[in-house]
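Two complexes follow with chain A in common, the first pairing it with chain B and the second with chain C.
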Partner chain A sequence: MANVEFTNLVKQYGATTALKAVSGVFQDGLVTCMLGPSGCGKTTLLRTIAGLEQQDSGTIHFDGRAVEQLPVSARNVGMVFQAPVVYRGLSVFDNIALPMRRAQVSDSEIRKAVDEVLDLLDLGPLAAMVADGLNAGDRQKVAIARAVARRPRVLLLDEPLTNVSGHERAVLKRSLKRLLTHRRDTVVYVTHDQSEAMTLADVMVVMQNGVIMQQGAPRDLYEKPEDEFVGWFLGAPGMNFLYPAKERAEVWMRAEGLWEPDLRARMAGVRTMGSIGFRPEYVRVALTPQPGWSEAIVQHAALTTLGQILVTAQAGPTTVVAKHAGLPLLSQGSRVWLRVPSEHVHCFAPDGKRLDLDAAADDEAEPEPVGSRPMRRV
Partner chain B sequence: MIPATLDPSPAEKPPANPPAVKGSRFKERVKDLSVWVIAAVFFLPELWIFLSAFKTPQQILAVPPRWIFRPTLQGLTAMAHEGAFWTYVFNSFFITFTAVFVAVGISFLAAYGLSRYRFRGGDFLMFVLLSIRMVPGSASVLPLFLMYTALGWTNTYAGIIAFDVMFSIPFAIWILKGYLDGVSPRFDESAQVDGFSRWRTMFRIILPQILPGIVAAFIFNMIFVWNESLFNAILGGNTVQTIPVALQSGLNTINGINWQYIASLSFVYTVPLMATIYFFQKYLLVGMTFGTVRGEI
Partner chain C sequence: MNDDGMPRPRHMRQGLSLKAFAWMLIIPVLAFFAIWNVVPFLWLLGLSFYRYYPTFGQPPKFLGLGNYISLMNDPNVWERIGTTFLFMVSAVGIETGLGLVLGFVFWSRRALWGRRLALTLLFSPMVLAPVAAGTFFRLIYDPLYGVVPYYIHMLFGVPKPNLLGNSHTAMWAVLATDVWMWTPFMTMMTIAALGAIPKSVLEAASVDRLKFWQRVRYVMWPYGKFILLLGVILRTIDAFKTYGLISAMTAGGPGNATDVLSITLYREGFVSFDMGTGSALALFTLFIAVAFTSVYLYFLKNRESEAVS
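Entry: the complex of A and B
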């Protein structure tokens, strides 16, 4: 297994730039999950590392060795695609053994390697079956097994669970988790499913528009987004955002009750604020009036699949979404009082980057009004 | 643990046999029988040939035709003792299998290229390919004969095989490209990542995915080459005659038409083709519905 290091990777398709000088390291032995909206370049980055796409410029190193000019077959990577690829007419065992047979590994070593992954993925009972007849989940397991059995330098997974549904998917996810924790391979895992990423990742990478927005431990990305986009993208739903704007002074006043007094003072010291974000799960919701809290009218409340109640409430002209397990299913029009604890409020500069309130505080402070303008969705 | 079917939603499966209605069994029988009766009318000529192969010349010409008779191998043995017969048989088998094998091989390479490397005008090229089959044989046979004479290719196996290969390729490419388009490029990529060269990917990974297509292309072209007689008669002359050509010339013997010979030869001629098709019919049916066996993706 290897460290995968890439520097200034650029890839263009005609007029669109899929990768804009992307640099980063995928560390040896860690599972890195790449998240991002469709077309953000995550799959392109994966395919470029594999060699299936040729970068326009930039370098890729596996453990310090340049591989960007090597053909796919010489890079020794394992790759699993969204649609399960199994080779027709071969048994499960032969499917997994095929790449090693080609590499002329001895039969006893092949057997040992294949048996190990068969066991880890619970494929043992199917080993002798012809692979075409299996269900999608088991076919994908075969594809994964084939990719890992020969111990490639890096394992690249491109949305491996997407084409598998329901129960099969849960089974596959469990097996995959077991395989990854057991082997400690270098894994790069592309997905658009956050819960998948949170379950599997040691390191999480969020991409947008061909740029890596943030890379780090999943918890850090979630709790301390370095960029407005990361805060918006992670979470279901993502952060609430308020956009201070000079011309909507009254909004600032009404939303004021959301913040604790000390934070209010600190925010007031910042002149150029792009947005203020906070997660729905950290919005405190009171059913009785609380002094100083922001009063809001419930517009909508619904039960989520995780058993939480999702409340959308109108605080003056500002819409706030809150998510809690303990709330009653509030009826439309009922009153609630909202407040966000200071440690869960994130401020972002107009360019979307995280803003450190104390560092950004300006001497000639003047309160900035807050307005709600449409979220910057990409 | 292993589902017996790939059907993802068992609920959509058709219900089990509907409850039997009284008298429906009889109706079914009548229906079945009438299908067979109608079919029999169409297959009478074939039946006539098959039966005639085991009749004496008098029995063949008897009016009304005799359906019950004592079968004889007289015609077949007489034919087997004739030296030329074995030449025809050899020629037919040799030319058919060589030509089709070469044609399907070339077509696989071509179809792979056409399927995987998209280029401007590719679809038009596919159309142009097929146009070679749109020219009536009677229009192209004379120019071809002149070409062959100029090149000295007449009366040679290579010449006949070259023609059959040329004529088989377009259709084979069409069949195989349909199948290859159904195999996701992820198969190619997966194989490359697994360390296979492009060449090995084609033959070790992709070829097995489209085996039914290969069989279909093989059979369709085999039927064509096995039956081809016009070009063979003219380009092949006397030395490279196949069975259909021999059948044609067998019609014009000095002592009138030798029906026994024709029936025997036709019988021997039809059986190999029917046997092949019978054994591979599952692939043939799949081949006729092209898209339906597309790969998983």
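Entry: the complex of A and C
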């Protein structure tokens, strides 16, 4: 297994730039999940690492060895595609063994390696069956087994669960988790499904418009997004956002009950605020009036699949979404009082980058008096 | 209007049952088929039991299976069948082989310089009428003015050969023309067959570092075989009943070196006006062609059952 390091990768398709000078390192032995909306470049990055796409410029190194000019077959990567690929007419065993059948590898070695992955993926009972007769989930297992059995330097997975549905998918996800935890391979996993990424990732990468927005532990990306986009994209639903620069002054004032007084003071000191974000699950919802809290009118409340109640409420001019287990299913028009604990409020600069309130405030000549005026326009 | 408030279809409003309406739609096709296929076929079948020369002005004479028996006992007929099979197997074999190679090159080298132009030129012989191509090649093979005899003379220092006039070379000269004409078809079928392989399977094969023969065996063949077989069967049936090309080039000669069944058939029916023998031979030919078709249908059936699974 190998460290994957890529520098300034650029890939263009006609007028669109899929990768805009992307750089990064995917660490040896870790599962890195790449997440992002459709067309963000995550699959292109994966395919460029595999060698299935040729970069326009930039370098790729596996353990310090340049591979960007090598053809796919010389890079020794394993890859699993969205559509399960099995070789027709071959048994499950032979499918997995086929790429290993080379002069240097003995039959007993092949058998040992194949049996090991068959076991890890619970494919043992199916070993003798013809692979193309299996259901999608099992075919994808065969494809995964084939990719890992020969111990490639990097294992690349391109949305491997997308074409598998329902129960099969849950089974496959579990098997995959077990396999990846057991093997400790270098894995790059592309998905647009957050829960998949959260389940499997040691490291998570969020991409947008051909750029890596943030890379780090899943928890860090979730709790401390470095970019407005990451906060918006992660979570179901993502963060609530207020855009002080765009709101009119008096409008902004009325939402101020959302913040704790000390935070209000610190925010007021920042001149160049792009947006303020907070996660729905951290919005505190009171059913009785709380002094200083922002009063809001429930527009909509619904039960989520995870058993939480999702509340959309109008707090003055702004719409706030809150998500909690244990709330009653509030009726439309009922009153609630909202507040966001300071440690869960994130401020972002106009360019979307995370803003450290205290550091930003230091730049200001003198802090404004508490609550005296709204956030300044940029 | 009926219960659900939808207007009734016109055929119901006019008092036609659905069944009658369906028949009404099918009858024109059936009638066409009956007039142009079934009636002539039955006519042919009937004729094959008679001795009948329309030019002699005598009424047909019933022979029963007489025409068939004399055909079976005629060594010339078996020789014609041999010639036909030699032509068919060689033509299809060479065309398939060359078509596979060319098709693979065109398919795998997307960026080949001049690929489009080469493909267009390659496919142009197919649009010619076989008689035109035959006439054209008769000139090319002409011992006096032809290009091919000229180059044979230049390269090997032998006198300009009369390729079509020599019973040893005539068949191969005709074959070469057929290969020139129909290799593009097999090239096209090969490109189509290879195009039927899903992109992800091809990519998986390259990521899995499969060797060339492994790709042929486990990737190209499983996905491409049906289209390729379709091409082979179509070519086989077509080569079996080749007429225009040979009639324009040698008309079966010299002697009977290129006398394939379709040429014999034409001569029996429209030169000798021996309608009975001609019809019997035609039915015999038809029987062989149907046998080829059923081979393909057999493969097609397998494919359908595969698609269901």
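Assume the second predicted complex is superposed on the first by the 356 of 378 C-alpha atoms of A that agree within 3 Å, B and C clash if a C-alpha of one lies under 4 Å from a C-alpha of the other, contacts with A are read in each partner's own complex, and residues count from 1 in each chain.
Here is the rule we use: a residue touches a chain if its C-beta (ideal position, glycine included) is under 8 Å from a C-beta of that chain, and two chains touch if they have at least 3 such contacts.
Note that the coordinates shown come from a computational prediction; the quantities given were computed from them, not determined experimentally.
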Overlay on chain A: chain C relative to chain B, clash or fit: clash
First (chain B), second (chain C), both or neither touched by A:L258: neither
Winner by number of chain A residues touched, once chain B and chain C are compared: B
First (chain B), second (chain C), both or neither touched by A:V85: both
Which of chain B and chain C A:V148 touches, first, second, both or neither: neither
First (chain B), second (chain C), both or neither touched by A:P99: both
First, second, both or neither for A:L134, with chain B first and chain C second: first
Touching both chain C and chain B, counted on chain A across the two superposed complexes: 50, 52, 71-73, 76-79, 81-83, 85, 87-90, 98-99, 133, 143, 146-147
Chain A contact footprint on chain B (complex, rising order): 1-3, 6, 8, 184, 186-187, 189-190, 192-197, 200, 204-205, 208-209, 211, 295-297
Touch list for chain A against partner chain C, complex: 50, 52, 71-73, 76-79, 81-83, 85, 87-90, 98-99, 101, 132-133, 143, 146-147
Chain C residues within the chain A interface of the complex: 198, 200-201, 203-204, 206-210, 214, 218-219, 222-223, 309
Residue numbers on chain A that touch chain B, as the complex places them: 50, 52, 71-73, 76-79, 81-90, 98-99, 102-103, 125-126, 129, 133-136, 139, 143, 146-147
